[in-house]
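Some structures to go through are shown next.
In the two complexes below, chain A is the common chain; its partner is chain B in one and chain C in the other.
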Partner chain A sequence: MNTILEVKCLEKSYHQKKAVNQVSFQVSKGEIVGIVGESGSGKSTIARMICRLEDADQGNIYLNGENITKVIHKQQREIYKHIQMVFQNPKESFHPKRKLGTSILEGMRNQKISKKSAETRMYELLKACELPLEYAVRYPHEVSIGECQRAAIARALATKPSIVIFDEATSSLDVTIQKQMLDLLHHLQKQDDLTYIFISHDLALVQQFCHRIIIMKEGRIVEEGLPDKLINNPTTTYTKELIEAAFCW
Partner chain B sequence: MSLLLKMEDVSIRYNEKQVVSDLNLTIKKGEILGIVGESGSGKSTIIKAALGLLDLGGKVDSGTIFYKDINLLQLSKKEYQQIRGTCLGSIPQDSKGSFCPVKTIEEHLYEALSKGKKESKLKVREEAIQILKQLNVSDAERFLESYPFQLSGGMNQRAAIMIAIMQKPCLLFADEPTSALDVISQKHVVTTLMKQRSLDTAMLIVTHNIGLATYMADQILVMKKGRIVEYGETKEVMSHPKDSYTKTLLAAVPRIKRGIE
Partner chain C sequence: MKRKSKCLLFSILAIGIVTIALIAPYITYYDSNKQDLMNALQPPSKEHLFGTDRYGRDMFLRVLVGARCSVFSTLLLVFLSSVFGTTIGMICGYFEGIVDTVIMKLSDVFLSIPGMVFALAVAGVLGGGIANAVFALLLISWPKYARLARSQVLSEKRNTYVDAAILSGSNTIQIIFIHILPNIFGMVVTTALLDIGTMMMELAGLSFLGLGAMPPTAEWGLMMSSGRSMIQTSPWVILAPGFAIFITVSIFNLLGDSYRDWMDVRHKEKGSTSK
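Up next is the complex of A and B:
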């Protein structure tokens, strides 16, 4: 498979503490990669660096072979066309005083897509995300958290990205809504051959949803492998600990 | 075992909207009741009603809520304040939002304990550090001196759990106590809460983590759209769910699969 994203020796520190330490991995087109680890293990920091929401201290990020580690201004906006992110708390990720439709349109308008084409795409996305079309004129507080997360997915897909990063995007949802959301994401991934990076602390969910799992601890990758293989034959103590903790209930 | 909480035919509404209807439940001393159900099913409202903390526009329309032989719905604000934090403890869903931003965790702790038996600050601090260590907090001393905004969501959640445990209530209401935690921290929190239960603390736990509810609770109550759809012994409900909604809920739970490659 073609490598779409490559992260090489990535590092990031906050107050002299390394949040991400020498992290390297590759993601192929159409692949769903899960990143698992406890709070503070550096998962979200990596996601933010890939999306260019944070600068890396060291290392490089390549998108389709092009180094995007330090791109700024116009080139940075260009990245948003290809990489999008869905956050944990959908209500906080939307402007509270803007209608959902306006937020979904914003990315497309920034990409200079005509108003008419952008609106057509917005309605297509609402439909694809199984939301009634009239939700375009609703405010975030007027919809449920599950519906709001669907709108966040619609917003992320608006610019037709090749990579979508989900940062604990289903962890605030109850299990039935979570399942609906994962079914939807699977369907969209297959339909558009999307690449997903799925950050979660739920190992069971990642085993079911992802093609490959990366386990992180204290800013480093401690283990990487195919989901079933990794869960059946973990090689590090930390992975074993994670599996045991997930097995408690 | 003696009855600690009894809610009988309770209906609650927010303004014109009925959010809980005909609710009946009981919790005995040392017992854990888990309430599960989708968002908006009225789970958190039950806790708020029992604690006398319904949001603006919220009202218990009918029914009774008894803590031991005290009719909670007839208490004055002052009387309620006296039993909250001493007899009735709580771990709020939005722990960070429940803290005052200009007070450290340690200050919150002393304030929360001001109603109970007076103990020296040194002793309180030592005990708090012990509990924080059980909750997988590495630098407990610095943690206590931190302001809520300096801590992550998971850290604030553990601060709220520590304070609730330190209050030593007879009945602890926990609203999604592990929602901001990773699995390893969840395990520490559950172990700590189960230790409290072995000391006869009863709990009402609201969660959307079905696995956690199954592990912790003696009784499970499944809610949908403000109504009980199933209520009984955890083992019975989980292994032989009768209601179609309970079945859907259980089928949606992701589980680790071993032995397939």
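Up next is the complex of A and C:
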């Protein structure tokens, strides 16, 4: 399988404390990789470093073989044609004074796609994300959290990225909406052969959704493997604890 | 809604003042600087609503015409200092780092000197003239906006919508001025509106001290200054421009207050995500 994203020995410290410590993994094209770990284990920090929202202290990130660890300015904007991210809190991820449509169009407009074709694509995306078209002219405070997250997914897909990172993207949604959202993501993934990095602290959910799971603790990867294998015979006590926590009910 | 109409009322009054300032020189049928010594120091009458000054110039006319110099130089001053200060503050807040430290230390220096004394010194060095007075006050008034904008940007830039904007491929200028600015704009406008009154007083103060507008320009501070020796014999000479300053300052302050109240309400109603 061809590797699309590779992370090598990534490290990041905040106030002398390592939030991410010697993290390495690879992601292949079309794969759905889950990253699971307790709160504060460094999942978001990894996602933010891959998206260049945070500088890595050490290590390298390769996108299609190209080192993007330190890209800035124009080259940095270039990587957002390939990588996009969906954030945990959808309402906060939209500008409060802008219509959802404006935010969805922005990435395409920044890539100099003509207004007309950008709008066409936006309506396609709204439809694909099962949102009524008139939501384009709504403000974030005028839609529900679930709808807002759909709009966020539409925004992330607008510029046709190959990798989408979901940082607890379904955590703020209630269970039925969560299920619908995952179905939608699955469908979109198959349709465009997308690669997902799916961050969550819910092992049960990740087990169903992902092709491969990475388990993190205190900034390190403690275990990695196929969902069923990992859950049926965990090799570390930490994973066992996570499994117990996830499946106790 | 009540707050909105209050804000609207004061905006109309403020616009009224600006309009007077704008058209006064064109609607008056004789020159406000024309002397008529035969009619010097006349008390208010039908013919001269606010009386005349010691050169026989109609005070009502001069107060109207003086609005132009007083109001416009104040508005220009507040506009320049808020735009300049906000821009500097936003850039500092967004990038932080060494440039930020240096500029903020510099603004600390400006803030630590008593404003009027500093303006006096600057205007003294540059010499009189309304432009120099505006410049002097500009130097002491921008740091307030820079501090405000900086602290706002520091908290605003941690919001996820900024990350999302970066991921949409927006460049730094777009992020600062298109994404963040609208969210701190209300705060800046409120500060600027409330600043108009203060600045008008300070500008009038400089003129009063002979460091602002130069005679024979009709400017309220200067008019008060040149009338001060006659306060006992012909009080209208000083009362007319003083009253004009009082009214104008009050209206702009009330406008600032009501605008702030209105913004507060709107903020709460929307349940805006920006903290």
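Operating definition for what follows: the second predicted complex is superposed on the first by the 249 of 249 C-alpha atoms of A that agree within 3 Å, B and C clash if a C-alpha of one lies under 4 Å from a C-alpha of the other, contacts with A are read in each partner's own complex, and residues count from 1 in each chain.
What we mean here is this: a residue touches a chain if its C-beta (ideal position, glycine included) is under 8 Å from a C-beta of that chain, and two chains touch if they have at least 3 such contacts.
Bear in mind that the values here come from a model prediction, so they are computed numbers and not experimental data.
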Clash or fit (per the criteria above) of chain B with chain C on chain A: fit
Vertex chain A, arms to chain B and chain C (CA centres, degrees, nearest 10): 80
Touched partner set for A:234, first chain B, second chain C, both or neither: neither
Which superposed partner A:59 touches (first chain B, second chain C, both, neither): neither
Chain B versus chain C as contact partner of A:207, first or second or both or neither: first
Chain B versus chain C as contact partner of A:179, first or second or both or neither: first
Chain B versus chain C as contact partner of A:87, first or second or both or neither: second
Chain B versus chain C as contact partner of A:107, first or second or both or neither: second
Smallest separation in angstrom, by C-alpha atoms, between chain B and chain C in the superposition: 10
In the complex with chain A, residue positions of chain B that touch it: 37-40, 152, 154, 179-187, 190, 208-212, 214-216, 248-249, 252-261
Chain C residues touching chain A - in the complex, by the definition given at the top: 159-161, 163-171, 174, 179, 182-183, 270-274
Contact footprint of chain C on chain A as seen in their complex: 48, 51-53, 73, 77, 80-81, 84-85, 87, 89, 91-97, 103, 106-107, 110-111, 140-141, 152, 155-156, 159
In the complex, chain A residues that touch chain B: 37-40, 144-146, 171-179, 201-205, 207-208, 226, 228-229, 231-232, 241-243, 245-249
